[in-house]
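The following blocks contain the structures, represented as structure tokens.
Next come two complexes built around chain A: one with chain B, the other with chain C.
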Partner chain A sequence: MKDKINILTIITYGVILSSISILLNDMREFDFNQFTAFQNWAKAANKTDPWFTSKNAIKWSFYVISAALFFWRGYLIYGFSYFLSILKEIEIGNYFSDKNSKSFKKIGDIFTSYAASVLILRFLLASIGKSTFNFFQEFKTELTILIPCGLAFYILAELFKRAKATEEENELTI
Partner chain B sequence: MKKLTILKTIVDIFWIISILSIPLILAFLVFTIFDNSLVGKPMTVNGIRFRKFNWVSKMLLANSLIAYLTLVYALHLFRKILRYFQKNLLFDSYAIKTLNIIGIIFLVTSFFDSGIGFLYKLVRQKSMNLEYGLNSFVVLCILGLFFMILSEVFKIAKATEEENELTI
Partner chain C sequence: MPIRVNLDVMLAKRKMKSKDLAEIIDITTANLSILKSGKAKAIRFSTLEAICNALDCQPSDILEYVEN
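Showing the complex of A and B:
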């Protein structure tokens, strides 16, 4: 089992590091493109127009929603770090520790909240005309894996709690 | 556990959708292997573009379809485990053995499906396509190893439960 844990730990580290680098690259590209678009818009904008117009509101909404999407992606990557702590606990023999149950529950929380939030944010992005929204496409990409995985992790948290209770009962018997 | 019921429902829905597609997939598999009417027509299978639909592309297509069928079988086994959990048979030997089998299926499928496609692109098309982050190969590897570790941990839990039951 130790070999499998080591391999899984290495793969998880690889996924976390590559996901972080992809996220940072996307943020840098977004920031760069947004700044270029903002400069072009500022050059062509009519200075006498009032600041609070629907065009400004749409621009800022797009920026805020995109920033929120980046935040949720980062939060999802943070969720994977709990996976590493579970593997570490199992490696040292603390199979049914409270830490593992809490980590499973936390991963479940992160996966389900990410799926729900990203669905809402992408719908909002489509409603301000900056993207297209196809529920079945979103379902295929985000919801197919994340929601069942999130639920599975909640169930694992419960199972590990029961296993811990059994273990404690066993340890207390003489 | 309410979440268990929701998960079982979602998995059942996926299972029903997968089952409905199996006859079509099997028919398509037999058709592609034995029929030559698609020969000469360009085709894209799992991101690999074939200019000629020859025996190599038939083998790759068959490989992808068989990988899909094995994943459907793994889904079927997972449904059975969830049924055991619903009956409160949490650390049953069948569940432990099946978790290990699911893990092996995921690992083998990930290597066969993605590995063969990668080798084909490298050897025949002289191109290498590396995907960082979460792709199907990495997800299946992670799930496979995770299920195998879970099987081992459940074995320990079962041993603890049995020891507990035997004490007076």
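Showing the complex of A and C:
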């Protein structure tokens, strides 16, 4: 049992580290100099011009939304760290602890909020004309996995809560 | 809980110590204490049978229903 937990912990660490390295690489490839260009534009821009029609402002919105997408990906990786917490609890024998139930709920929250936020942000990206957005195409790809996974974690959280109550009842049966 | 455990009353009547009863019915003193204090959620028929056997009494002597 302990060997399996150790293997799962190593796999989880591998997933977290590779996700972080992919995210950092994507951030490295992202052109952050555009933010400086926007700041320079903002200083020189004519304040009487309508904000939304400005080409630079639209461009800036694209970078802000892209940065938000990076943030949500980071948040999703943070969600993976809860697996380590669950594995640690299992290792010490607290299978149905409150901590595990809360961790499963938290992972469910992160997965569903990530899926919903990414969907909204990609829609916004499409609306400012920087990407192609097809609602059904989005659902076909990663969101079809993340939303059911999030729901599965909510179900697991509820199951663990019930299991804890049953375990307590069993312990108090003389 | 509306079910009251009168185990301490029966133990006093039989002049038996909790520790001795725990040994006879083969449960820990901690579990017997949980049972006596009314914190137990349930009691197994086998435990009830062993208690009745050890104290020479009926289940109704140990368990009592009290209306809230």
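As a convention for this text, the second predicted complex is superposed on the first by the 151 of 174 C-alpha atoms of A that agree within 3 Å, B and C clash if a C-alpha of one lies under 4 Å from a C-alpha of the other, contacts with A are read in each partner's own complex, and residues count from 1 in each chain.
In this section, a residue touches a chain if its C-beta (ideal position, glycine included) is under 8 Å from a C-beta of that chain, and two chains touch if they have at least 3 such contacts.
Since this is a predicted model, take the numbers as computed values, not measurements.
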Just chain B (first), just chain C (second), both, or neither: which does A:147 touch?
first
Determine, under the contact definition given at the top, whether A:8 touches first (chain B), second (chain C), both, or neither.
first
Let me test your reading of the model: by the given contact rule, A:84 touches which partner, first (chain B), second (chain C), both or neither?
neither
Determine, under the contact definition given at the top, whether A:169 touches first (chain B), second (chain C), both, or neither.
both
Output check: A:119 vs chain B and chain C. Expected answer is one of first, second, both, neither. What do you get?
neither
Of the two partners chain B and chain C, indicate the one touching more residues belonging to chain A.
B
Kindly list the residues of chain A that each of chain B and chain C touches, one partner per complex.
169, 173
Per the contact definition, I'd like the list of chain C residues that touch chain A in the complex.
27, 31-32, 34-35, 39-44, 47
Looking at the complex, which residues from chain A come into contact with chain C?
168-169, 172-174
What part of chain A is in contact with chain B in the complex they form?
1, 4-5, 7-8, 11-12, 14-15, 18-19, 21-22, 87, 90, 95-96, 144-145, 147-148, 151-152, 154-156, 158-159, 162-163, 166-167, 169-170, 173
Chain B residues within the chain A interface of the complex
1, 3-4, 6-7, 10-11, 14, 85, 90-91, 132-134, 138-139, 141-142, 145-146, 148-150, 152-153, 156-157, 160-161, 163-164, 167
